[in-house]
Every structure is written in C-alpha cells, then in structure tokens.
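First chain A sits with chain B, and in the next complex the same chain sits with chain C.
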Partner chain A sequence: MIDQIREQVKKVLKDLDGVVALRLTEQGTAPYLFQKADDLSQLVMEPRYPVSETTSKLQKRFKDAKIGIVARGCDTRALVEMAKRNQIDPTRLYIIGVSCSSELAEICHCAEPFPQIEQWPQAEIIGDPVPGAPPNPLVTKFENMPVNKRWEFWKAQFTKCIKCYGCRDICPVCFCEACALEDPLWVEPGLLVPDFPMYHLIKAMHMTTRCIACRQCETACPSGIPLTVLYDLIHSDVSELIGYKPGEDITANPPLSLTLADAPMESDLAY
Partner chain B sequence: MDTIQLKKPFEPKVVAFLCNWCSYAGADNAGISRLQSPANILPIRVMCSGRVSPEMILRTFRSGADGVMVLGCHIGDCHYINANHRTVKRVPLLQNLLGYTGINPERLVLDWVSSAEAPKFAQVTTDFVAKIKQLGPIAKELGIDQKSTITSLPVEEVKA
Partner chain C sequence: MDYKNIQTICPFCGCGCGLNLEVIDGEIVGVLPVSDHPVGRGSLCIKGWNAHSFVQHKDRLKTPLIREKGEFREAKWDEAFDLVAKKLKSIKSKHGSDSIGILTSAKCTNEENYLLQKFARVVIGTNSVDHCARL
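Our next item is the complex of A and B:
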C-alpha cells in the first residue's frame, strides 16, 4: 500500500507544487512538503499525525501554490471543518485519500476510517474502505453512570493533567490565533493541576461542533486522559439536538453561529 | 425544650446573567411591582444573553456559584434580532457537558423573561433558588471543602 501511495504522489507531483505527507528521517517522523526532487522513499503513513494544519499554513503562506495532501479519513474530516472556517482553499488542494486498516480503525474507535472524497473538487482514494469500528466501550459505560460517579471518574482523570497544551496543539481543528485556554481570565496561569471546570470544559465546549473524532488529543496526552469520551458524548448530543455532524458536509456551516432559521433545533425554548 | 439550631441553613449563591433589554428590565419591574424574589440572586447585566459565553458560565461556577441563570429576551424579541438563537443552542450543550463531568445540569438554567414579565421573573428565580437549596452546595456535591470554592481541587501552586 505504501508503495502505491508513493507511486501516486510521484505521479501527481508533475502537476503540483508539492505534496504534504509524513517523512521519516533519522530525526524522526514529521509533516513535510515533498517536492519533485525529494526522495519519496522517506514518505511514510505511520505514526498517525495530522497533516492538515501544515497544509493550511502552506496555503496561507504561498497564495498561488497548488498543494497536494496525503490524507487519512480523519485528515479529510479535519480539512472539511477547516475549509468551512476559511483555513483551507479547496480549489488549490489535491487530496490523495488513504483508507485505514481495520486494525487501526479498531484502535481509534473510528466510525469512518476512510476519506470522503466526493465533496472535494480534486481528490482520489487509495485502498479499499473498511467498515467503521464500534464506538469506545468507555462511552457506553459512562452513559449509564450516575452523575456523582461521573465526577469521581473525571476528578481522577483531570488531576493527572500537567497542562502541557498537547491536546490543543495537536488538534487539527484548533487553529484560533487567540486561544481561550491561554487567556488568564479563563485559565489561571501558574496553577497545576489546571483549575476545574475551566481548562477541560472550555476545550470540550469548543470541540462541540468541531471535533472530528481523530483521537489525536488522546494519543498525544502524556497522562493518558480519555478526553474523547467527553467529546464523543457531546458530539452525539450535537447531532441529536441540532442534527450536525462535524466533518461530514463541507457546505454545512457551524450551527452554533447560525440562527434558528438556518440551523433549527428541537427545544421548548426555541420558539 | 427546643434545641437551638446552631447550623445556619444553606443559602445558595446564584448568579443571574440578565439581558439589558428584557430580563434586567423584567427584574426591575418585579422590584417596582413589589414582587418577592429571593435575595440569593446576584444579577449581572449583560447587553444580550448571546453575550454569555460558556467560559463566563464556567468561571462563575469556578468562583463558587451554586447555580447560574441565563435570562434573555424571547426568541423573536431579541434586541439584536437573532443573537439569542446562539444562546438557545449553546446553553443546553453546556448543561449536558456539566452533566457528563458530574456537576448536576440543573444548576444551570436558561429561560426567557421579557420586560413585562415581572411575575415570571419572580417565579423562575424563586423556583431556581428552591431547586438549588434542595440540591445543596456545589462543593458538597463534588466532595470538596465546603468553605472553599470549586477551584480548590488538588491544586499545587507552581513557584517560578
């Protein structure tokens, strides 16, 4: 499969200024802009790392460049959310979509381990899509938990936090220039463990209509906090209340900034 | 002989974000009409209920509030045409989020009170304070020192 990807990248590089993918060198693996002269044998897919942010930065820096991206399912979902927030220009982007293996889907509890390429002007897909994995068993366990037990669970988890901001830094849909988590008004500096409920609930609240369930925050967390349990729960609430699924439709605008006429919602208060 | 009650009954601290155009005027109207509303309410006037960000609500809880109310204009009556459409989507999501982390979601309430609805203001505030009294202090719910605020989880100060 990796040879197939390298072959394809080589082919599309004839028409593009570069392709963003992961490169493995002696220093480690990192996102890299492969250009015509580069050694494509260094292109890798593992470990999983979001390359959408790198692409966004390159597009903003080079206004005329046509850039390709080797993207997994989670990457394309992130690109959808970024495109509707003006972080990505779809007309200047070529997507080489890669389907994940069912083993990886299992690890990520991924419901959609393949890229949706229909809504992109220039895109193709490599590998056969595998069916999605079942949701995280912790989520179901959590839903049946009484409210006071939930607090015990999260207290134990959140006190492990070392406030490294790793979950925010790796998040492909966290791109605000002014971050609420860095504002001393909301998150007090110099406190470790970060104060509950500020840090984690602000992050979770900002994730409500953005989180594309890539599980990168969980992978990046040095303390192993199961953050996506919280995001998955709120995620299902958003689709239940407002009928919005992040990363699904590039034309659907974020519902929290729309009126009730544009994004209706079932509630006694919504009349 | 009757026992002397030494313990003071729990008086909750409730912060109410009132929209300048409807609910604040409604609260004012309730006062003028001599309608009783509990003294536990600490009103904060905001220009619109849509201005009340989740961060503000969370910080209010963090500062020791036992309950938070967000009161605004009815849908369609918003002074800023449709700003409260954002509030009506945001607050239920935050309520759910509070529920998921173990804070009783009933401690946060959203309602619409127009400037003419003085009896409704008295009603919702009285009901809410009664509800919070029944739920008890938030510190107790979270099993932390009752005197301190919600901040005082296992927190260490880092000295540079």
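Our next item is the complex of A and C:
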C-alpha cells in the first residue's frame, strides 16, 4: 500500500505546492512537507503524528499555498472540526486518505479506522476500510463502577499529572490562542499536582464537541493517564443527548457555538 | 516554502528525551515529541514542550553584558572573562574560597560539568557546586 501512497503523492504534487506526510530519515520519522524534488521513497505511515495540525500551521503561514495531506481516519476527523472553526481552508486542501490496518485499529480502540472523504472538495482514499475495533475495555469497566469509586479512580489517575500540557499541545483540535489552562483564574500557576478535578475537567469540557478520538493525548501523556476513557464517555453522552459526533459532518455546526434554541436537547435522560 | 522537523535532544535535564524541532523556512515554530524515542517514548515534560522558545527569543543574550554604574553595556568575551577572573580572585582573597559557589547546567555536556566542578574545587577551593538538573 505504501507504494500506492507514494505514487499518488507524486501524481498530485504536479498540481500542489506540497504534501504533508511522515518522512523517515537517518534521524528518525517526523512530519514533513514533501515537494516536487523530494525523494518520495522516504515517505512512511508509522508512527502516528498529528499531521492535521501541521497542515493547518502551513495553511495559515502560506495563505495562497495549495497543500495536500496523507491522512488517516482520525486526521480527517480532526480536519472536519478544524474546518468548522476556520483552522483549515478546505478549498486549498487535497486529502489522500489512507485506511488503517486492523492491528492499529485495535491498538487505538478506533471505531472508524478509515477516512470519510465524500464531504471534501478534493480527496481520495487508498486501501480498503477495515471494520472498527471494539471500544476500550477500560470504558466498560469504568461504566460499571459506582460513583464514589469513579471519583477515586480519577483522583488516583489525575494525581499522577505532571502538568506538562502535552495533552493540549499535541491535540489537533486544541488551537485556541488564549487557553483557560493558562489562565491563573482557573489554574494556579506553579501548583503541582494541578487542582483536582478542575484542571482536567476544564480540558474535558472543552473537548466535548471537538474530541475526534485520535488518542494522541494519551500517547503523549508521560504519566500514562487514560484520558480517552473520559473523552470516550463524554463522546457517547454528546452523541446520545444532542446527536452530535465530532469529525463526522463538515456542515454540522458545533453545538457549543449555538444557542439552545438552535439545537434543542431531545432526550429524556434524567440527570 | 519549507517545513521539516529536526530531531534533537531536550537541553533541559539529564534524562535526554528526544524532541523534534518544527522548522518553517528556517524559523523554529514548535516542538513535537519523538514518538519512538527510547527515552521519552513520545512524551515530554513542560520544559521539553517549550524547549524551542528561547532560541529565537527577542530577549536572548547574544553577547556578554557588563554592568557599569547600574547600566548594562555590551562587551567582548575576552573583556568579560578578564573581569570575571579579576572579581573572583579579589572575592577569594578577601572573603575566602567558601564565599564562592558554582552553579552548573544540564545544558552543558558531562565533560563541561566535570571541568566546572574541577574549577570549583581546584582553582577556587570550594565544594559548593550544584546543578540545575538536580531540581
């Protein structure tokens, strides 16, 4: 499949200014902007990096550039949420979507390990989609815990936090210029361990209609906090309560940007 | 238009986590952890995530400054070293070796840190040596 991807990148580079993908050199693997003269045999797919964020950065910097991206399912979902919030210009973007392997889908507990490209003006897909993997077993385990145990669970997890802000920094849908996690009103500077549960709940709240389950935050966490258990649960709540799935539909407005009159909650769940 | 990542080692402590410096047209714009690095294993602490910010910072000192009558002026390295040597000598003879302490840095190599402790013990004559990575 990698040859197919390289071939396709070579083809689209005739009309684009560059394509964002991973490059393997003697130094290691990292995101790179491939251009016409580059050696495409260096293009690889592993390990995962937040390439959607890189693409957004480049589009913002080079206002006229037409850029392509070799994107997985999670990358395209991130691009959907970014496009809604003016972080990506779909008219200047070419997506080469790549389906993940079932092994990777298992590792990521990914429900949708393939890109949805129909809604993008310029996109194509390489590889056959594999079925989604079952949800993270920790989520089920957590759901069966009584409330007081849940509190203890998160307290024990969040006490491990070293406040590196890595979960925010690596997140493709965390792009606000002013971040509440850096506001002394909400987060006391210099305090370690950060306040439980405020610090992590602020992040979780801001993820409610954005998190596209790429799990980069969990991979980047030096303390091994299972952040996506929390985000997965919020994800299913948001989906159940207001029928919104982040990353699914580029035309669906994010609920937190609407008034309640625009998006009435249709649920009989009692809280 | 050029975007690449330069892999390097975090300069802030002795752990040695791998980080990628994101470079657009020669300007460092950010840091990404090295996913498969044997030390960091795709993670960084807050210092690593911000390891790039000093490089092109407008307040970064690029030349030694000497304070005269409360004001800093730019100086050449030779002049600055001469002044430091002169002052250290006079402090040592006036107040003794233990009035001086040496702080070394994780940004230096092992060899440079070795030299600094040697300098502290043999030249200055004090055991007051410490290191920022011990924090």
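Following the convention adopted for this analysis, the second predicted complex is superposed on the first by the 265 of 271 C-alpha atoms of A that agree within 3 Å, B and C clash if a C-alpha of one lies under 4 Å from a C-alpha of the other, contacts with A are read in each partner's own complex, and residues count from 1 in each chain.
We adopt the following convention: contacts are C-beta pairs under 8 Å (C-beta built on N, C-alpha and C of every residue); 3 or more make two chains touch, one makes a residue touch a chain.
Model, not experiment: these values are computed from the prediction.
In the three-chain model built by superposing on chain A, chain B and chain C fit together without any clash. Once the two complexes are overlaid on the shared chain, A:12 sits clear of chain B and of chain C alike. When both complexes are overlaid on chain A, the residue A:208 reaches chain B alone and has no touch with chain C. Applying the stated contact rule after C-alpha superposition, one finds that A:111 touches neither chain B nor chain C. Of the two partner chains placed by the overlay, only chain C lies in contact with A:169; chain B stays clear of it.
When chain B and chain C are set side by side, the one touching more residues of chain A is B.
Of the two partner chains placed by superposition, only chain C is touched by A:48; chain B is not. By the touch criterion defined above, A:61 reaches chain C but does not reach chain B. When the two structures are aligned on the shared chain, A:24 is found in touch with neither chain B nor chain C. Superposition on the shared chain A places chain B and chain C such that, viewed from the Cα centre of chain A, they span 90 degrees in steps of 10. Of the two partner chains placed by the overlay, only chain C lies in contact with A:222; chain B stays clear of it.
Distance between chain B and chain C in the overlay is 8 Å (nearest C-alpha pair, rounded to whole angstrom). When both complexes are aligned on chain A by C-alpha atoms, no chain A residue touches chain B in the first and chain C in the second. The touching residues of chain C, when paired with chain A in their complex, are 1-7, 18, 20, 22, 24, 29-37, 40, 42-46, 48-49.
Residue ranges on chain A touching chain B, taken from their complex, read 142, 147-155, 158-159, 180, 185-186, 190-193, 195-198, 200-202, 204-205, 208, 230, 233-234, 237-238, 241-242, 255-261, 263, 265, 267, 269-271.
Interface residues of chain B, counted against chain A in their complex, comprise 54-55, 58-59, 61-62, 75, 82, 85-86, 88-90, 92-94, 96-104, 110-112, 141-143, 150-151, 153-158, 160.
Within the complex formed with chain C, the chain A residues making contact are 17-18, 20, 23, 27-33, 35, 47-50, 54, 57-58, 61-62, 65, 162-166, 169-170, 219-222.
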